[in-house]
Each structure stands twice: as structure tokens, then as C-alpha cells.
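Structure first, then comments.
Should a chain be cited, it is by its letter among A, B and C, assigned in written order, with residues numbered from 1 in that chain.
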Amino acid sequence: MPDVILKNLPFLMSGLGNTLLLAFIGIVGGTATGLILAILRHLRVPVLGRVALLYTEIVRGIPLLVMLFICYFALPALFGYRSGAFQASALGFVLFIAAYLAEEFRSGLRSIRTGLEQAGLATGLRPAQVFRLIILPQALRRSVPPVFSQYVRLLKFTSVASVIGVSELTGSALLVNAREFEPVIILTMTALTYLVICSILSFIGRVLYAQLQIRT
Amino acid sequence: MSQSPKIAIRSLSKSYGATEVLHDCSIDVGQGEIVVVCGPSGSGKSTLIKCINGLEPYQKGSLTFEGIEVGGAKTDLPQLRSRIGMVFQSFELYPHMTALRNVMLAQIHVLGRSKSEAISRSMQLLDRVGLAEHASAYPANLSGGQQQRVAIARALALDPDVMLFDEPTSALDPEMINEVLDVMTRLARDGMTMVVVTHEMGFARKVATRVVFMDGGRIVEDRPTEAFFSAPETERAKEFLSRIITH
Amino acid sequence: MDYTFDWSPIWNNRDLIAEGLLITIALSLVALVFALVVGVLVGTVSASKSRIGRLVAGVFVECMRNVPLLIHMYFWYMALAFLRLPAFSCAVLGLTLYSSAYVAEVVRAGIGGVSRGQTQAAQATGLSPLKVRFLIVYPQALRNIAPSLASLSSQLIKDSSLASVIAVGELTYQAGAIEGQTFRTFEVYITIALLYLALVLCVSRGILALPGMRHAPRVAADA
């Protein structure tokens, strides 16, 4: 490993730690929020379903960087609270990725044939039971590949937090570069690190899908 | 058939927007009767059978199951459906569950049977349709005929009073049709009340007590099996029979 | 919420915003064209029979899309610093490489989605391989992938905001500049968020309205 990297390894590793933490928060928070949004829309819940639709359409039309600026500068200014860069970016990632995940979950839900729903109803299951026992489990299985590619996107997107001053992997790399000025080596190593962690995450997704898919 | 009918359909009409798919249909199904419903595709057979357990709503007329109006606002549809078994054209087994779990699901969540009770009842039913050794198989690993037999076991698991079959063999390869028809024939011999939408005229002739012929959303003929096959009253039924039987 | 809204700084800086919008459009358009060209080439190779070709295309795709766009931006800006390229070109390069990987994946799937029977039927009528490709395979694939291409294009527009970190004067960059002078944080970011939203909506709807992007109307199937 190049000297510049070795010398700054602890610092870069703490950056990597922040990247993973941000991604983890985004994945957990975004999945929960996205699933709720998707279910509200799928079940056509009055008012809330419309709100969910509006939310996903708006957020999916806005760049992540602008979303982070809104969470870091605009919302605190509007509501008069203070926010650290880390909290603001974590909030931004959750709000941002939830909209995309909602779309994936919803198309998973829509892909389940109505025949299966009828079969469930015909055995006397109540609509809520049909949804919980038959529709949702299958929709979630089917959503695994697109949902994991959103997770990978999110993992890459955490780099944008560096723009508002979070020292995650990219932010730390830029700080090291400012001191050492070895952009090619430092950025290449950073890129490779992302390549590896993104590949691991997609691999987990593929294994999970294969496990769920063995029989169907 | 002196007692009141199990299923009584009176002047039933249903439309999607401007298109009427059922027009003034009336049928009675008595205890132990096997009624075969046939007719060209698009004649409304599937819609009619799905009205019986409330999967399809209707706008006019009345449809009662043991005296309960299926389309009534206060009707407890899940409770009603738990007493009517249904088998679909494309099986509709839950793909994420084994054959056994498919048969168990409603027993646990609808009838409230214990898990062990549900398992033993399900195994008994899978054995009855000849699939006990496939209990742990997933639908994707079963042939069409096997899937449909599991679907029959799933419907029987609720110990229904009536069984509805919606073209149960139409999606099957020819060599698998008989294994499903055999199960249905045995069921009929055991005294189950059945309404069967099918093109299998051999089955109808052998098993049905009555044949209902539909065309264009109307019931054109409703006659005892022998009479229907030996001397259909209408031209349309004659034409339909000649087309189906010559093949 | 005791924030007093003041939208006048936005109006006063409308020239900067318009300039930023224009640069965003130009940057996105140029990068989109390049990304489509590279993506179609790479996608075709990765749908081809050549094992080496598939391997090379696969490595390209994985390397390009598993690296954050932000790193692409910094890398091409700093690594090519000795060439003294304008920041705009570096941004185009970064956006192109990153997005082309996504285009390639979509194109590969699109080509794979055209049934082999179609190719064989076309070959059986004596069409040359190139004609089979351009007359039969690509047009069908295009219709299938049009929705994905539309969403990739709007993705690219949103992604172009990251060019602001290497000082390309596009919309997000101008927003930062206006915010720095006027401190009208909320108004500035809401304004540009709405502009992006409008741009993305126009593009995603517009692309699907182009000829050749939609399926031929089907004859109503018999019920």
C-alpha cells in the first residue's frame, strides 16, 4: 500500500467507519420509511396515499446534494434548530433513499398477480391477512434485487456528505489530499475502497435473493 | 331436492361500465348436486362462479348461499368463503410456501386450528389427492397437475359445504388433465356439492347432475345431464357441443 | 417557525440562476449524448457472444458504477490537472463514464430481451448481420428500454449537480453563491429544488413522447 495511505490509515479508516454508519442509518431508516410509503400508496389509503405519492415524486426529482443542503441549511433555518453536518446528512439520506425504495417496493407489490389475492380471499382470509401473509412476503422477495441496487447507490451517495463537511471516506480522503497533495494515489485508493464495499453489498443482495429464490 | 337449495341465484346481472357480462342469470344448486357450467369463452361462466363466493360483485338480482345474501352489505364474506372451497384455472398456489403450508395456511388463520391439527389434516388431504410425499415441495417444483391437486386439497382443508371449480383443467397439459379429473370425480362420488366451469364434456357426462350452458352472459340452457347431451334445445348449444366433441 | 420569507434576493439574482440552469442543461445534454454512445457500445459488447468482450465490458461497468460520481468528478479534475482542462470538460468526462455504465447495463438487458427467434427470423430472410442489428434488434430493444433510458436521463440531470464541487457554474453552484451573499437559505434551495424538479419532469415525460420510444399500439386482445 502506498506510503501516503499507510501514514494516514487510522484517519481514513475512521472516515470509512462514518461512511458505513451513514449507509447503515440510511438503509434502515430508508427501508422502514420507504416500505410505509409504498404500502400507503398500494392500499390507496385516503389522503396519506396521495401524500406518499407527492412525496416520492418530489424527492425523486431533486438532486441528493440539494436534498442535503435543504436538510443542513434550509430546514434548520426554517424551523429554527441547529443541526450538525452528520445528523443533517443522515436525515437527508433517509428522506432521499426512502422515495426510491418506496417505488421499488410498490412495483414489487404490484407485480403480485390478483389471482393469488383472490385465492387467499376464497379460503376465507381477511383482506389484511391476505396482504400480510401472501402479498407482502412475495413482494419483498421480488424487491430484493432492485432494493439492493438502491442500497448500493446509497452507499456511493454517502460520499456527497463530504460536501457539507462530514468526514466520511471521501471527506477524509480530500483532507488527506489537501495535506499530502497526491490526488491520483489517494483518489484511486478511495475509489477502490468504494468498489470493494459496493461489491460486497451487491454480493450480499445476490446471495439473499438466491436463498429466497431457490424454489420459486 | 326437496329442501331449499344451497345456492340460489336469481336474476343476477353484472356489468363493467357499459358492458354487461351477466344478464338475468338464475340457477339453483341443491345439496349434493354437481352442476357443470359450460359455454364459449367470454360467455361469463368464470364471472358467474366468482360471484358465488363474492370475489366478483354484482349489481342486480340476488345470490344466496344457505339463505345468506352474498352481496349483502353486512355479510361476513370471509366467514362465508371459509365454507365454500374454490379451485382456480391457474392454480394460484402461494409460491413462497410448500405444498403443506399452502394447505395449512387458512386452517390456522381462518379456522384457528392448532399447528399440529392443521398438519395432520393437511397430510390427510394431500394423501387423498395422492401427493403426501410432495408435502415439502414448493409449487415451482410440482407439475401443473400436481399443483392443481394441491390447490384442491387447500380448498378442502376448510371442510367446505360446496366446492367451486373455475376451469380447473384449462391450464394443464393434456396428459395431466385426468389426474385432476379423477380427484374431482372421487369428490363428487363422496357427495360433495360442486359447481364446475369446464370444457371437459366427458367429465360432465359422467359426473354432472345438471349442465348449464351459457352464452353472451346469459344462461341459455339449464338441464339434466342426459337431456342436455342427448338433445340440446338450442342451436347455440348444439353448435358448441359439435365443436367441442368433434375435436 | 418564526422565519420571515424574503424572495426578492432570488428575483434579483435571476440572471445567475438562469445562467446556472443553462449550464446544467448543457452539461447534462453533452454528457447524456456521450454516455449513450459509450453505453450502447459497451452494452452491445456485453450482450455479444465474445467471452473476452463480455469480460472487458463487465469490468468497465463494475468499475465505473461502483465508484461514487463525486470521486469521478474529483479524480478527473485533479488527475488531469496537468492538462489544464476546463472544469466543464472534467465534469462531462466524469458524468459520461459514470452514467455510461448504467446505460450499458440497460442496453444489455434490452438486447437480451429481444427474442432469439426475431434474430433468426431476420437472418432467415437473408438480412446481413448489421442490418439485423439496426433494423430488427435495436428498434425493438429501444422500445423496451425507453422507460429506463428516460429515468437514467433524469438521473443524469440530478447527478450533474455534483459538478458544483469542482466549480462548474451550474445551478447548484450558483445557488451556493447566491446563498453565500444573501443568506436566504431556504428560498434559494427551494427555488433550485423546484427548477430541478421541473427539468426532470420535462425530460422524463419528453423522452417517452419521442417517436420510436413507444410500443406500437396493440390490437385489443379478445376477452
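Heads up, the rule we're going with is that a residue touches a chain if its C-beta (ideal position, glycine included) is under 8 Å from a C-beta of that chain, and two chains touch if they have at least 3 such contacts.
Fair warning: this is a prediction, and the values are worked out from it, not measured in the lab.
Chain centres here are C-alpha means, and the one lying farthest from chain B is C. Closest to the middle of the protein, by Cα centroid, lies chain A.
Note: centroid distance chain A to chain C, computed from Cα atoms, is 20 Å. Chain geometry summary: the mean Cα position of chain A and that of chain B are 46 Å apart.
Separating the CA-averaged centres of chain B and chain C is a span of 52 Å. Residue ranges of chain A in contact with chain C, taken from their complex: 58, 60-67, 69-70, 73-74, 77-80, 152, 156-160, 162-163, 170, 174, 177, 183-184, 187-188, 190-191, 194-195, 198-199, 202. Contact residues on chain C toward chain A in their complex (touch as defined above): 1-3, 62-63, 66-71, 74-75, 78-79, 81, 154, 158-162, 164-165, 172, 175-176, 179, 185-186, 189-190, 192-193, 196-197, 200-201.
Those residues of chain B that touch chain A in the shared complex are 50, 53, 55, 77-86, 88, 90, 92-96, 105-106, 109-110, 138-141, 151, 154-155, 157-158.
On the side of chain A, the complex with chain B involves touching residues 113, 115-116, 118-126, 129, 133-134, 137-138, 141, 215-216.
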